[in-house]
Amino acid sequence: MSSTGTQGFCFPVRVYYEDTDAAGVVYYANYLRYMERARTEWLSALGMEIAVLEREHAVAFVVHRVDIRYLRPARLGDRLEVGVTVQELGRSRLILDQSVTRAGNTVTDARVTMACLHPAQWRAVRIPRPLLARLQQHA
Amino acid sequence: MSSTGTQGFCFPVRVYYEDTDAAGVVYYANYLRYMERARTEWLSALGMEIAVLEREHAVAFVVHRVDIRYLRPARLGDRLEVGVTVQELGRSRLILDQSVTRAGNTVTDARVTMACLHPAQWRAVRIPRPLLARLQQHA
Amino acid sequence: MSSTGTQGFCFPVRVYYEDTDAAGVVYYANYLRYMERARTEWLSALGMEIAVLEREHAVAFVVHRVDIRYLRPARLGDRLEVGVTVQELGRSRLILDQSVTRAGNTVTDARVTMACLHPAQWRAVRIPRPLLARLQQHA
Amino acid sequence: MSSTGTQGFCFPVRVYYEDTDAAGVVYYANYLRYMERARTEWLSALGMEIAVLEREHAVAFVVHRVDIRYLRPARLGDRLEVGVTVQELGRSRLILDQSVTRAGNTVTDARVTMACLHPAQWRAVRIPRPLLARLQQHA
């Protein structure tokens, strides 16, 4: 269902009625849902389940900024690929390039800046060392 | 924006792109969102803010069952009314009749059964007396 | 990813942040999204793509009624199975039993009544013969 | 419910369970839903109903790019204000500054670039003169 490598991580998504709007295309906010699914599965593939991150490491990766461009519409029934590539890795910050493609053509792409936060206090903390090490291997 | 009385409570909702799907109508799951908004505002109008209920009374009203019929489609830009009427009030259970109408015509109607739960333990508890009293006045 | 047989059809779903709410559980309307995904994939597995049904056969299966019970909460990261079983097959109507389970335990179950409609005119029409034949094989 | 002026347009939104996620805050994609509601009501206040725009003028305003920053979390029950200000008005393009605030504090802000499209052909067209005139008055 997915792959990780020098090309980054890729996760498949199918377009259902729930994703579309009356213009007959995927509603613009829903691409952010697709991108978050891909990030979750990417972290999971790296051995970092988000529920475990929060419970055992007391950290959560929270989106701080998204700059997303909508290039082509996606439609009901489309089979899309959602990509994740690490663009920059800081001590408490992670910048990802994400894309949604259909048959190799870009539907949307985005730069997503994430902050590593203490979930209860909602303030920036350092990415725990073992996680940072695993992220560095895939950056 | 709303009214309470022998006719029950009524809350206005407008249909935006986010609510519709590629069939050009409101997506069927989204009527449950509308109904939950109306229940929240109804409880708020009765002096019961859900965030406060949970924090101060340690109770949450959780949906146990919904029997919903879809009678007419609603479309982009429609102005709808969402109704809430108490059908039955038990010690830890509340049955509501809810409807979504447009210009007096029923779009969907539903019977919604809610349980009063302890939010952390997720088990049924009695509706606290002061809340029960307020609900009885409006049943 | 899925199977069809005497036990009905089964489709896997994973719970992401987008599906949950501040109570820490899957938001009640989102199970209807899961159920619709499973119905779409079930029809697809039977050779009936919904986009094609509409374009070539001028029919759409539209939900007329849902009676859904919420038995256990599902949470972030859960891996769920969504089932589809034909309960009754009429000339322009289809009644399905659907369930969402986790490790064999029922999270929600629902009876879903669907009408076969002409999508532009939004009125009931007979299920086209070739589709009816395929549905009868799996009822 | 809203106002237009030199300060731009402002639309109120309340946070319901549907908007939140298991982290206890508004899910990041849902701010785009709030911003789209505010844009729809802003156009409506300027006499441009989106359903009418599409039907009578054969144009739709489609989001081409969003650059959104998440500054503070919003939570269940919060009462938010969503602002719309015209930043730049071109012949077939509209750039808006949008913000979501709570009690005067910025929760999120975004620059939203919209293209005026022919909805069926999905290609850029000029903003029709009467609409352009009305937008210029409020830019």
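Letters A, B, C and D name the chains as they come in the text, with residue numbers starting at 1 for each one.
Everything below uses one rule, namely that contacts are C-beta pairs under 8 Å (C-beta built on N, C-alpha and C of every residue); 3 or more make two chains touch, one makes a residue touch a chain.
Quantities reported herein were computed from a predicted structural model and do not represent experimental measurements.
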| item | value |
| --- | --- |
| A-D compared against A-B, more contacting pairs | A-D |
| Label of the chain whose CA centroid is most distant from the centroid of subunit A | B |
| Distance between chain centroids, defined by C-alpha means - subunit A, subunit C (Å) | 27 |
| Inter-centroid spacing, subunit B versus subunit A (mean Cα positions, whole Å) | 34 |
| Centroid distance [mean C-alpha coordinates] between subunit D and subunit A, Å | 24 |
| Residues of subunit A touching at least two other chains | 17-18, 23, 29, 33, 36, 75-76 |
| Residues of subunit A defined as touching subunit C within the complex | 14, 16-18, 33, 36-37, 40, 49-51, 75-77 |
| Residues of subunit B touching subunit A in the complex | 17-18, 20-25, 27, 29, 75-76 |
| Residue ranges of subunit D touching subunit A (in the complex, touch as defined) | 23, 28-30, 32-33, 36, 60, 62-70, 73, 119, 122 |
